[in-house]
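Chain lettering (A, B and C) follows the sequence in which the chains are written, and residue indices restart at 1 in each chain.
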Amino acid sequence: MTAILDSAVDPIVERRRAVQAAAASSLRRRKLGSMVALGICWLFLAIAIVPLVAVVVYVMAKGLPAWNTDFFTKSTTPEGVPGGGVWNAIVGTAVITTVATAVAVPLGLLCGLFLAESDGRAAQTLRFTADVMTGIPSITVGIFGYIAIVRNFGYSGLAGAFAVGFIMLPVIIRAGETAFRGVPRSLNEAAMALGARRATIARRVVVPTALPGVITGVLLAIARGLGETAPLLLTIFGNQYLQWNPTKPMSALPTLIYSYSSQPFADLVQVAWGAALLLMTVVLVLSIGSRLLAAYLQKERR
Amino acid sequence: MTTVETPVPRKTRQRGRWSLPDNGYRGLLAVVAILFGALAVWFLVAVILQALPAFSTLGFGWIFGRVWDPSHGKYGLLPFIVGTLEATAIAVTLAFPIGLGTAITLAFLVPARIRPFLSTMVELLAAVPSVVYGLWGLIVLAPIFRDSVEPFLTSILGWTGLFNGPDSGTSLLLAGVILFIMILPTMVAISRDVLIVVPVEQVEGAMALGATRWQVLRKVVLPEARTGILGAFTLATGRALGETVAVAMVIGNSPYIAHSLKSSAATIPSLIVNNFGESTGTELSALFGAGLVLLVIGIVVNSAARWLVSSTGHESAGVEVGR
Amino acid sequence: MNDAGSQSEVDPVTRFEGSLSVQTERSMTDPPEGDVVMTLREVAVAFGGRTAVRDVSFDVRAGEATALIGPSGSGKTTLLRALNRMHDAERSATVTGTVRLGDLDVYGSDTDPTLLRSRVGMVFQRPNPFPTMSIYDNAVAGLRFNGVRKKALLDEAAESALAAAALWDSVKDRLKAHGSTLSGGEQQRLCIARALAVEPEVLLMDEPTSALDPIATKRIEELVGELKDRVTIVIVTHNMQQAMRVSDRCAFLLMGEDKAGELIEFGPTAQLFSEPSDPRTLDYVNGRFG
């Protein structure tokens, strides 16, 4: 140290004093600001949770009274006629969703496999397409279903399944690709070194390893498909009576809720609540269940 | 001289079921991929083709027409475009701060042990079907809005001119609030994910200099997560734009441009869903045209959102909203 | 005086192979006793029920570089981070014992951690300049956090700190450029400058050269020597030669059988490396484990 330090004007000491002074004087303001800002963040978290609780509570409160045996076993009756239920809507939803799932899942998973294995221009384009498809407004999908199926074959459960499947497809593709890509390369390579064919590798290595992610993705896609309303409104037309045949107009829970909700008749609104509770319960159970399943399967793997 | 030949092994059959040879496997995948591509193309072509008659009959200006009155042959999409934008604007104005704040809390403030639980609760908001939100909004919230919320807001914010007119319950305001609830999980989940991956060294570096927690967030974490948060915001906007049923159930469905938050309005999806069943001819074509307009808006916004999120290198697992 | 000992280790900086206990350019005399800046008494850190380091007591003196040395797992970094209350962020962490900065009880209930950290700065193992900030903004970040707004003061502190970190000449014309345009060694010096700009009394350095190449390492070691008068330095290093080169005193920590690190010996560097009191220290400095 050769600098000649006049201790009265050592710039470092001066600066230190200035910094400490600034720090001390601003401390209260800074701490208060931090507390307020973080407090607001906590408040916002509370605000975010309230609607979920509110919806669940209200739907349960208003929907449970509608649940009786007739509700689950009888079909809808017109206003004023007692003893009605939503069995036809349950059947409709079940049939439509099953058909949609049966088509979208294999198709979507195979696409996901394709995308997971290749990165060429074609794959990139398809991936981008699938991504964009998840953002297509559901009403437009309904229009497509109308144009493609209803125009040619009339209103039917199949038209609805087509539209719902169209919405589920990109979800499954993306979930599938993510799950398949998550399989460590080392497993693939080990299998190849043993001389296995690609199909075998897919069947025996990739799919089983990716299964947790795949199952979760599929369950979530089903939960989403169950809740879709707009596409169904344009394609299935609704049906007062029980209908198992998907080539005919059918009823479904979401569309029933939609049309009953604006009716001035209290008993129909009551049925709407009951249906809403049923739909919401199934969807929430699927959503929560898929998460628990994913967590459980993750643990099993360790 | 005999040469010793080692036998070339044939492709051995796998034990168990027969597997496709590699070519067949790749062929199958390629076929499926092509099918998917064809489906997407079919979709585009069908929607565009059906919308064309509207544009050939009515020209292009009708998109900005102010009056929708099919019985008098008047078609104008402007009220619905405006309605869509207004409802979305309300929803994102609420969702951005509240969603970001919630994400910050989940990423940094809650103890690690309860974070998954709380995160799940917020994400479950996305699982509730749209029609259930609509029912709840229509029957439970609308009266509350009409009797309590709207008078209250009018009394303190009436000077802004946004709260003119009678308290009606089913209104633009209610639609905006319901939309906000529905897009919140998207905003929260993606923002939280990008906040969490900010390297802990940045946070520690700032703390070691004497920054308060909020200073660390504001000056270091948020700037770094900026692009991803913008992506979350855009994605949430895209969701809001496409939402149909819940909005249709609570917005009042009046085909005029709303000048007050309390008045009834309509969006493009609500227009289509309410009129599709009975319309024919030109009106039907106009609805197809409206569907195309909506599709274009939706695709543009969603593509922008995905590009923003992916540029942070972050894969959003996709919080999907049931419609 | 060269003693070609049998234990050899290649020192990444000087590339010298040889016995450790002799090759030192420093004088063999002990450093003069300066003022005590920080004191540690019976300091222990535990996470949940598991103790990570315990029974640490020593004094840190002004104008010196004190090194925390020992094999990995001995709790050096844990101890260092206790000195500026970095463990506050970890819910399961408990710090017992006394740490004093001057007459301030670091863990006292009246002590504000944010204010403390403006007096005790830290440099981390991997350079961590703020990526969204320019070089200038990085340098003055600490000052701004602490409420300093006057441009004149910010500029003055930035220049002084960057100069002290031997960075001013290379960056003075590109202060607006992003921190990521610097090399690894330069980034670390930027982080040092950033810490210095706040004019702390003590600078904690957590293995600051372990992520750097030998040349950058050498420059930073030189820096430590130059900075000692300005800030008291406490440096964690797993490199014994580095400890010998830069530090005046050393605290040797070792993991005990209960998996908790404890202070084995503390004393002037030269003494610790040539005639340590504890046999375990002798083993360590002779490279018998590490």
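FYI, a contact is a pair of C-beta atoms (placed from the backbone, for glycine too) under 8 Å apart; a residue touches a chain by one contact, two chains touch by 3 or more.
Source: prediction; values computed, not measured.
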| item | value |
| --- | --- |
| From chain B, the most remote chain by mean C-alpha position | C |
| Comparison of A-B and B-C (more C-beta pairs in contact) | A-B |
| Chain B and chain C, separation of their C-alpha mean positions in angstrom | 50 |
| Chain centre separation (chain A, chain B; CA means) in Å | 12 |
| Where chain A touches two or more other chains, by residue | 23, 30-31 |
| Where chain C touches two or more other chains at once, by residue number | 114-115, 118, 146, 198 |
| Contacts with 2+ other chains: residues of chain B | 210, 212, 215 |
| Partner chain B, residues of chain C touching it in the complex | 84, 86, 89, 91, 114-118, 121-122, 124, 126, 128-133, 141-142, 144-146, 191, 194-195, 198 |
| Of chain B, residues touching chain C in the complex | 111, 199, 201-202, 204-212, 215, 219-220, 223-224, 226 |
| Parts of chain A lying in touch with chain B, wherever the complex brings them together | 23, 30-31, 33-34, 37-38, 40-45, 47-49, 51-52, 54-55, 58-59, 62, 107, 110-111, 113-115, 117, 122-123, 125-126, 129-140, 142-144, 146-148, 166-167, 169, 171, 173-175, 178, 195-200, 202-203, 220-221, 223-224, 226-230, 233-234, 254, 257-258, 261-262, 269, 272-273, 276, 279-280, 283-284, 286-288, 291 |
| Interfacial residue positions of chain B with respect to chain A in the complex | 11-12, 14, 19-22, 24-26, 28-30, 32-33, 35-37, 39-40, 42-43, 46-47, 50, 97-102, 104-106, 109-110, 118, 120-122, 124-125, 127-136, 138-140, 181, 184, 188, 210, 212-215, 217-218, 235, 238-239, 241-245, 249, 269, 272-273, 276, 288, 291-292, 294-295, 298-299, 301-303, 305-306, 315, 317-318, 320-323 |
| Chain A to chain C touching residues, read off their complex | 1, 11-12, 15-16, 18-20, 22-27, 29-31 |
